[in-house]
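One chain, subunit A, appears in both complexes that follow, with subunit B as partner in the first and subunit C in the second.
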Partner chain A sequence: MADKKDKPFISYKLRGALVCYSIIIIPILLLGLFTYLPVFWAFQKSFYDFEIGGISHFVGLSHYIEYFTTDPTTYISLVNMAFFTLFAVVVRLSLPLIVAKLIISIQSERWRHFYRILFLAPIVVPGVATMLIWGGMIYSSQGLINEFLRLIGLGNYTHAWLANPGTALIAVAMVGFPFIGGFEVLIYYAGLSGIPESVNEAALLEGCVGIRKFFLIDIPMVLSQLKLILILTVIAGIQGFEGLIILTSGGPGYRTTVPGLMMYFNAFSFQRFGYACAVGVILFVLIFTLTIINFKFFKSAEELQATK
Partner chain B sequence: MIFKKIFKYSSLVIILSVGTYLMWPVQDEKYIPEGVEETCSSTCTPANVKYNIRFVPGGYYFPGIAPAGIGQPNKGFYEVAAAYENLHPDTKITFCDAMARREYLVTQLSSSKAPDILNVNVEDVWPDVQKNWYVPLDNYLNNPNPYIPQGKPGSVQWWDMFKFQAISRGKLAPNGKMYCISYDMIETAIYYNKNIFKKVGVKIPKNWDEYEEIMTKIRKAGYTPIQTVVTIYSDWGIDLFLDQLYYNILPGIDLVKDPVREKYLQGYLDWDEVCFLFKKGFFTRYDKRYRELWKLLKRFRKFSNKDIATEDMIRGFVRGDAAMIWSSNLISYRFKADKDIDFDWGVFYLPKFTTNTTKYASGVDMCVIGGSGAQFEISNSAFSDTGDPKTSERLKRVVDFMQFITVPDQYRKVVNERPLLVPNIKGVETLPLLKPFEKILHRRYTTTKWTYTFDLKFSDILERMLLLYLDDYISLDEWIEWQEKNLESAYRRFTRKKHPDFAAMEKEWQRLAPIRKNYIDMPELPDKN
Partner chain C sequence: MKHTKNWYLHLSILAFASLTLLPFYFVINNSFRSNTEMYHSFFGFPKTLEQLIVCSYKTIKGEKGTIVVNDEQEQISKTLTYKDAVKFYFDSVTRNYKSAWKVLRPYFLNTFLVVIATAFGVLVFGSVTAYILSRFKFPGNKVIFYYFISTMMFPAVLTLVPSFLLVKRLGLLNSRLALIIPAIAGGQVFAIFVFKSFFDGLPQDLFDSAKIDGAGHFSLYWNLILPLSKPVLSVVLIMNILGMWNSFLWPYIVNTDKKYHVIASGLFVLSQTEAAANFGLLYAAYITSSIPLLILFIYATKTFIQGMTSGAFKA
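On to the complex of A and B.
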């Protein structure tokens, strides 16, 4: 009798699990409501001619067909996106890694600390401000580049860098030059710091130093960091368009337009929300596919070791 | 120690407080003309006010501001609103400054929070008319304006009050309803520097060939012949040139004759006609007139300033570097007030093409491409009392106010307060500075408004890519290919939404075939077999 009385209605194990589930259920519900539901809703609306305040009409795959067959902006925007993404991948995988290596090579802890702060500080500048600075102070007709050209007697080479169809694409890609500020440097620095001292000593004993060590030891040891940066850069390259709105609005012509920007224009400027949803779904599929490929073929050092 | 800390933090607080006080922005004093009571904002609406009408008069008429910073601040609409409020003590007019940006309008209108009377280009209204965001005005325009005495224009139908009928009625939406009143008119012309003309020894041209000749001479003399921007080509340029090239063949291709609008808009090609003609090969690579249009436009662009995308085109003319500028009548007011302009200037309209210019020249004078300036629309907020325009008392009052502001005595106070825009109400004289523009506005209306024919996406592509063509970044063939794709895409969107009656047009097309036999270079689509 006493045993029955002492036995809890729900076992302690189950109670613990229920507490955990009840804690996690709220974030899951919120995540579903604010993240997954809009995605499904966008997917559904991509099959409709849908405008705010208007009546939706089912149009099936029309938007997808239009995007790939008759929309004249599709091809050029995809090419631009590929260019921006590839450019970003190259510079963000390489330059910050070099800077991180240089910082970690400094003997004095005090100076290492100083340079870490120096390269990390630009992170606090909002992206919009950066774009405005580049648009207004560097590329404008009285901007840094044109004034410098005038100063050295090359006034004939001044350009409306962002308005000229010949220079706009590369001018936009170069925003953020020299691409060594902030987040990536920090990630790579953390990766390089994590290389065991025994590995460094072994490399030294084997005579593997300098550039050779960088390529043969350091890079393979920070593959997981490289993988992370690669995934984030590809996602940002495919999704990103905010900077382009500020700098060029995708122009001149469609020389700097990307699919994300066309998605925005279709939704908010042309009032074609259904079509914009279709573009969004296409971008989602693209990002998803590239991320899967990335996971499948780009293995970090730990993953390689595990497979062996 | 503790006192030191207190002193440290309190001094910091004092410094911050004093700094904030000193840096606090000074609010501009509101200008209210003498004899006019200050209009209340919606937050201080008196208790006896039943209808608070929120009205967007637009930048040129907004009371209390001086357009372009010239002269005394506006008071016209203050006076008109005061007169209306005296007549209707239960009504308050609140002036609102609202962005004409589409994003703003969509969010405001979808939540029924927009001002009652908006001032936006009606073409931006058309994509949203099926959502009941705007009130069709046909019923009111076809009935008398209650403020007009018998026998005067407007006493039978409100429509009769408007001077420029073709342009005003040309603002009909694709669904056949009218959503705006064209409050005033705006027209373009070529402004020219008389001193440069005299120095170079050239006169106002009588036709396009002469015009190109004088521009060549001006360029040789070291001046920029004409200042333009890209939107001039994508809007005014296309319409004028297209009219010059297609006017002669309109009898064979104008397929729909609206019983009401045809009286005012003879031969005007509507969106459904453009779609039908496109499928017959017009406005494609197979249409030689169409190719000619772009070639001529580019030839004209060569006489213009180097940068038509970002340059402030007015500066070159004002500084005396350029001999001409293509602009609207709005700029007259600024030029007249500009003390830095040390030369005489005049205006003329673009001259017609001749058969020397192109073999497709129709030989008619250049048509009107300007149109309504301030376009007032009534939003869904106006019938917010019942949610139904048919039963809404509030809507009646809003329309009543719109009718009141078009009464000549009231209208004059606003539109003729300064010479900015040409009056569109009969019985209201045009100010001397704007007389040349009024004369132009009496010409025949354009064949089509290309920019506004289709949706916003079509116009966006047209404008962006035209710049690349005009500045030699893409070839004529590439440009026409872009436009074909653009038109095809717009055609599909349009037909999916509007379901135009192409069968009736095909019948009319067949009936007009004998007329078309007399025309040269009609487009011929390649045989699909």
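On to the complex of A and C.
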């Protein structure tokens, strides 16, 4: 026990700091173990060839070389990914914005509130269930689309939409039609309601109304929201493959395969964990580069903080 | 003039909304039906539900009489009084839901446990860490904050495979901890970010006056900080619940044992078993699995909206 008159063994300042450290050491260690270590492993293990429980060999860059030269799935999966991402960007930057504009044009606050909730409501359905509904109820042979075609006498046009090589790619892209996500609507709505009343009044005085106002005033005023959705959609497009596990497993053939899905199969079906790590690193570099570009060319650092 | 314009707006919004919600209508509709009935006519109204309504109406009105019902399960027709027919049709309407519930019940329990444990961990670690980083000056304060925030730039696709290898090496495969601990580690980052920007915005006078009143750090945190941060807290909580409820891939990979499935992975596994040949059962399972979040959504609509928008902007 230290005598109170003595100078403290360690200064109060240091003691305060030590108390702080000792409390936040648990979150720090948790993050170190479950995030930083896997990040480090992703890079490190991409240079090794190994199976779980087996011996690992150092193979240098050969996984990366294999991915860009001999892997037959690389080219088609990158093309598919680009297609899905571009498609998603086009529909998510346009349709929810139109709906948000329609909602905000309504006079009654109560209805505006109601519609925003209405479009947000589908988030209560688990994502897996939504995918299973699209795969199992909408696209299946006795599903919604085919039954509807039969109903209106176009029975000749029925397809096994996801199994047919000619329709699989576009069918996967169309999942989520009409693409009015509640999240996007809310973001655009917030952007539109942030337009100062003076701007709206000036536009009205100048006779700038309707579609002209939408393109000349509204869209430039919600650019930062559009950028946010753009980067989020691109990131989701590059790394998203969960839905494909449920819908097509990348088939038929490699018709709907994407790089993330190949990473998943390499790891969990072929036991090629080192190679899978290499694919993960490549995708990370791609996402990182695009994020930096977005940073540089569209100065909107604030919005990027959400790109988790 | 204004009225007609509004009328068009409502109509076009409702057109978009009905296209969005149409699949869910058919899921609900067909969850009451058997495969035979669905194959017969995809778009029809459930016959059993229709009969249930008719018979209930007649029973309530006190009409006496009998009705011939087709028992699809036993492949026979029988003659029942209206009162018995109500019971019979009620059983067939709810049959899919009962079977779905039987399958989903353990998954619900797992999901609840995982969601509650994770949310608790995230809220405690997130708020305490943010409080310390926001209100105390000590060497390394900034560095530690960036240590947390930097992890936001690592996408899930980079860490998925090595995280699996880590959890396997730790011997956590096929356990609830494999879902809870990594989720707390990752989820606290967003929580720290949100809490810290909230705490940073609180006036220093507030803390000074509380200290003058003799409040210690713990009582300051418990009696002042937590009650004040209720709105932020509920946003973090809701976002966390939403994320965990929807998380499919990670539980699917790390827990292959049926005992530890959560709802998301359990639904996918169910869709690949023989039971999935009964579409009505699957649809009933989708509906059932949406009910808890639906209740939460109705109860806390405002927080959902706040969470969606504050997650995207400088929170």
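To be clear about the criterion, the second predicted complex is superposed on the first by the 265 of 308 C-alpha atoms of A that agree within 3 Å, B and C clash if a C-alpha of one lies under 4 Å from a C-alpha of the other, contacts with A are read in each partner's own complex, and residues count from 1 in each chain.
Simple rule for what comes next: a contact is a pair of C-beta atoms (placed from the backbone, for glycine too) under 8 Å apart; a residue touches a chain by one contact, two chains touch by 3 or more.
Being a predicted model, the structure only gives us computed values, none of them experimental.
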item: Overlay on subunit A: subunit C relative to subunit B, clash or fit; value: fit
item: First, second, both or neither for A:52, with subunit B first and subunit C second; value: both
item: Which superposed partner A:66 touches (first subunit B, second subunit C, both, neither); value: first
item: Partner chain(s) touched by A:268 [first = subunit B, second = subunit C, both, neither]; value: both
item: Contacts of A:36 with subunit B and subunit C, given as first, second, both or neither; value: second
item: First (subunit B), second (subunit C), both or neither touched by A:128; value: second
item: Which of subunit B and subunit C A:235 touches, first, second, both or neither; value: second
item: Contact breadth on subunit A, by residue count: subunit C or subunit B; value: C
item: Overlay on shared chain A, then closest C-alpha pair between subunit B and subunit C (Å); value: 5
item: Common ground on subunit A, meaning residues reached by subunit C in one complex and by subunit B in the other; value: 52, 268
item: Sites on subunit A touched by subunit C in the complex; value: 16-17, 20-21, 23-24, 26-28, 30-31, 33-39, 41-42, 45, 52, 95, 99, 102-103, 105-108, 111, 115-129, 132-134, 136-138, 142-144, 147-148, 151, 177-178, 180, 182-183, 186-187, 190, 228, 235, 238-239, 242, 245-246, 260, 263-264, 267-268, 273, 276-277, 280-281, 283-284, 287-288, 291, 302-303, 305-308
item: Complex contact set, residues of subunit A against subunit B; value: 49, 51-55, 59, 62, 66, 70-73, 141, 160, 163, 165-166, 250-255, 265-266, 268-272
item: Contacting residues of subunit C [partner subunit A, same complex]; value: 2, 5-6, 9-10, 12-13, 16-17, 19-21, 23-24, 26-27, 30, 38-39, 42-43, 125, 128-129, 132-133, 136, 138-140, 144, 147-148, 151-166, 168, 181-182, 184-186, 188-190, 192-193, 242, 245-246, 248-249, 253, 263-265, 267-268, 271, 276, 279, 282-283, 285-286, 289-290, 293-294, 296-297, 301, 304-305, 308-309, 311-315
item: Touch list for subunit B against partner subunit A, complex; value: 102-103, 106, 109-110, 127-128, 130-131, 133, 307, 309-310, 455-457, 460-461, 464-465, 467-468, 471, 473-474, 482, 485-486, 488-489, 492-493, 496-497
